[in-house]
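A, B, C, D and E label the chains in the order they appear, each numbered from 1.
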């Protein structure tokens, strides 16, 4: 079997986000098994392990599954990622942290076993600013942008990038941290109400998202000017606020909705066959799609590895090579029934972060759907690249890491 | 007879000059006057009883001596010097030990540990030495354990040495409390109803311990007790309190025949 | 300048309102502590459970659907009906009473006369149990809570326009107060009045306080611990339900609801564990204190911004504030004096 | 009559003061030590060490520390998470500032620093008592976490605010970083555990321990018979902080390797360690181990049974796990309110009488 | 032994009970006693003899101390009461006044007394009247009625506990060391109250007492407990004349009462047993 462990969290404060992702991740592999007989003819197994978004349980999950021949880890938590970076490297198992984790891991020269394609938080920050530039005719100097963020490593990620971009584009940035869990955000939103920023960006997770959107609605902040990162843009984030959430925007690196042929297959082979990972009610949700997308990228990397090494039964080490040689093209995605589901890109030894293309989605409260309103676009590589080089360089020297690519 | 001179009692004990003197003590709790302008002295080596009806302020007086209550007015003189304001533990360091009316043992600890705590003054090894259980800490522990075992033998509580005190019956707890106070080798021992809840036989035992303590080590004892038999037999002098005021002070015989005391407390003249 | 003052007032008023919401949670704690000397760690989880049950009943969710499906291989999840909010509320109150009975029967009846720390520990077990149990029963997805007395008259949310406009006309700048907060305040005041009346003026109230002091003695005078505890836990369950509704309406019903207990702790300590009015006053002080501190020093908007701590100070400030009060009054503002006697 | 103490007479007080005065206990204890040091290291793989032994050992130290404060001295603390964070960050700063000094000393110094911080937050305990004291310690918890999150100096200005343990060796063998061997990290922690337990035991059986317990059982009476409450409480906070700090340092450096303060040392950690000592038994060193084992092992066991053996969905197992842990806590309490340690004692007492009922 | 010495019908029968604490500590090793209706029965014995345990076994408060009655039976008016809740027992007219005061510290003296009336349903006026009666018994309490019980003196607390018991208008009162810590004239008074209630209102008493002298003066019948066994019982006047009782419990030698100062050697105890 090809083993793709799923470190999921269906319990705890972040369960609402963890459930659809885990469902999507598993369902895709189930689909491959049912429809294609696995990957390259080898069956796939997806042992699930509950982390509860807790680093210690994450370690336990990692240790308990790695012995089963795990090919790649998708830890789904920034905290767990940091822990696993050295461990996976030592164990020669690749890790994919898609849209989260340590951004500077994009530098494959230092982080040999960590991949964060197709995009990272810093891409997200820049993508958001680019979107604002675009909607403002290329000039946002003098505009006020407030960043409401989860007061943790995750939430603080975009600050450096935004500060750099602030220098470059001349907008005003104000920072509003929200402590975990984020049920009380009165002060932050009263301040926003008074300072009247032109835009609010949000790096939130869990209940913080729902409360923020609710409070934004309460103070009548225009939803169109409120943009969340991709972890702040799922159905359950906006639903509690009802109609008032209409127009809220979120960044993304993959497509939304279930208008893709692959969903017909999922319905047929997985849901209707009673093999869905969850209750089957999450199919097509934003985070479900993200899980699906992550699984698809993993499966494609596995195929690539099978090709490179000429064996069907690949090892984790081969998988890593496959991930480093991964190429996602429009044709490939179309063939998989997922046309334009995400950007096309390729990975290299130096660049584990992919192209960093970022799109924007918007919530329509009446139809209760998200739609992609801005296609995947490039982000500011000059700024981000420098930051990545700096941060990964520091890590390399602190840990005496030799260059991986030469 | 002057309080500055020693004298010898009928049964041959020497009573020294005043060691502790309470001067015009007044203690109030909000509107309640627990003690009103009371003065009395305690002489070295004597057994001094304090009696009075319930709520007269006897326990409060012991608490003042212990430093637990700070009187609004009045002074405490100890060994000829006026005592400055002090924390209870500082009073204990001066060699004043006591027992409590509502038993105040450390319920979670064994009898042995309870009695050992009495020897705080005698044990002062540093934290480090205790952490590695070598040197001073170990020596000290053994030496003091021996002293404590003597007291345990003396009070006949060997059998319950390792029992947690929480489970003991009332009377034994009182005994353990006495043991803890004795372990401190105090120069003044304050006893608050040490014999409440005991039958005659046990009271005889307790009396014996108290007398021996007084005889052998010359410990000065202040005693609160409601059993007039005990008080009259044991004490050298008696203070009588009522509603926070002193209504009598003198030898048992004097007190016994004091009409005010009979009215307020004794009810009938005791034989 | 005047705008600044209005804003400060606005922060102040909203602090008061947040305080009311904290107090709602704290009330449940106080009740149980007052009545049995139990520090109920499970209060937050009870709020979660109550809110989940309310939503579950409203939406006709099948309880334990997940478990049933896993065991029997079925695919049920909803009965397919919707139940009127008020009716659902009544059912939920019934469930909370059942819960109280169960807690009494299976837990505290066996722990009569134990020390406070042990009872505290039992509530820890209870919290674990209830957390898993409510997820098993109603599953762990986020649920949206809409509480409507009749068509169109739901629990209001969002800015109160009347106040905003009045302020705008008067000072030329708006004034934000959330409608939900206003309703919470009204409900909280009513609850407090009712509970104070109950505990001060009824025989049961006195018995409750007696139980808290000494289980054995209470038993010995004929107070039935069983009855008192069921009563109190039911009332606490009801208070938890109210808190659950208010907080759930704000952020959806989900696990994090159980964490509001953390917001209630400083309130409790400041107000005093045993005082029902203390919970409200404590809540207000904490609410205002933390908001004003965040406003002035957390984000540096007062005194020319000489101190700017960079935000997110609210969590710790609430506790530090409570601490400062406690140093002066170790039993909290209105708590019963800790009796120290020998 | 399996368990005997009859015929086991003491001839000196020092013998009677032994940690394990009964022979069968003593033999058992040495056996456990022997196995722990000489047998276990050869049987370990990554899973056992990282998923079970390291958390068990490290939490045991934290539990011993907290037990000194709560169980022995009666000062309820909910700041353990924050104090562990002090240990972790102190250790991190020491490791990165003085890379040439052996990590062994870093850990100990980190413990010392934590002890000092603990003392500062322990000062209010002179006035504030019981559950109210929890407020002081909760203030510490939230404030410390906020501080480590807020001031970049603590995390060496890294972009995300996480701290990573660099590689360090003891006798040339790596104990932190990516390339450690399972047995090395295990032994490194085990040494600290054994030393902590030994020191804690010594302190608690002597006068210091008696002073703590006196304060715990009745602080007023303790003061009247001569215990200086300031010194007793402060020393408990210091010693407790020392152990908690060590466990925080090990938690970060050896076990997790990378830490984010809010996540790893949040309020849940404080509660977890508190639960451990309550379940294990307040005022018992053995209880600290028992409680740590219970809360580390039970979830793992339930997970293995539910997910791996019965094949149930992970979320259901996770929920059931909570239900079962909660239920077991309550059940144990009803059987024996004073924790696993007391349950063990009573069992021994029964074994002693066995086969007679009493 | 059971039927020896008393004439009236038994209100309470304790048959050969055994009590174990914590599942291991055997404390009562077969205690039997019977309390006649309208009588005053005294339970005597040294420290740790098991008096308190016996009373708690009857009032069912044992369970909250992790004690269990493992053998024997306790019957009140012919009904087994072992499975009753303590609260139900109070409703049935049996109340215990516990040893060591056990006041509700935070409640005022008056509130403490009122909790005693918790099970009563005969109206506020009656309760108020009884309250006045208790104040008449213990004038000291009236003075301190508004202060928290935790701050009253030891003797005052003892009065509170006693008064609280009386407030429930019981049919039978289990008194555990009522005289402890009370001034001598109050001890007399308390026993006079007991006697009065017994004679005028027909209240039955079972009292554990260390003050043997007083107890035997007021009681009709006495049991002497040693180490969890009844070692002697009989009508009070007979017991008073028994030489052993005289020596060990009344402190009398042949020459009458002897001084505590003259006791020069420790006594051997428990001679009935070993």
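As a convention for this text, a residue touches a chain if its C-beta (ideal position, glycine included) is under 8 Å from a C-beta of that chain, and two chains touch if they have at least 3 such contacts.
As the structure is a computational prediction, the values presented were derived from the model and not from experiment.
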{"item": "Both-way neighbours, i.e. chains that touch chain E and touch chain D", "value": "B, C"}
{"item": "Contact-richer chain pair [B-C vs B-E]", "value": "B-E"}
{"item": "Remotest chain, chain D as reference, centres from CA atoms", "value": "E"}
{"item": "Gap in Å, rounded to a whole number, between the CA centres of chain D and chain B", "value": "42"}
{"item": "Inter-centroid spacing, chain D versus chain A (mean Cα positions, whole Å)", "value": "37"}
{"item": "Mean-CA-position distance for chain E and chain C (Å)", "value": "45"}
{"item": "Whole-Å gap separating chain A and chain B, where each centre is the average of the chain's CA atoms", "value": "74"}
{"item": "Of all residues in chain B, the ones touching two or more other chains", "value": "68, 100-102, 104"}
{"item": "Junction residues of chain E - those touching two or more other chains", "value": "25, 151"}
{"item": "For chain C, residues that touch 2 or more chains besides their own", "value": "66, 135, 140, 310, 312, 315, 341-342"}
{"item": "Chain-chain contacts as defined at top", "value": "A-C, A-D, B-C, B-D, B-E, C-D, C-E, D-E"}
{"item": "List of chain D residues in touch with chain B within their complex", "value": "12-14, 16-17, 199, 202-203, 205-208, 210-211, 213-214, 216-218, 220-229, 235, 239, 283"}
{"item": "Complex interface listing, chain B residues touching chain C", "value": "63, 68, 100-102, 104"}
{"item": "Parts of chain A lying in touch with chain D, wherever the complex brings them together", "value": "8, 10-11, 15, 19, 48-50, 52, 54-56, 59-60, 62-64, 66-67, 78-79, 82-83, 85-87, 89-90, 102-104, 151-154, 156-157, 160, 179-180, 387, 391, 394-395, 398-400"}
{"item": "Touching residues on chain B, where the partner in the complex is chain D", "value": "66-68, 87-89, 91-93, 97-98, 100, 104-109, 113, 116-121, 123, 125, 127, 130-133, 137-138, 140-142, 145-146, 149, 180-181, 184"}
{"item": "Partner chain E, residues of chain C touching it in the complex", "value": "112-113, 203, 206-207, 209-210, 212-227, 274, 336-337, 339, 341"}
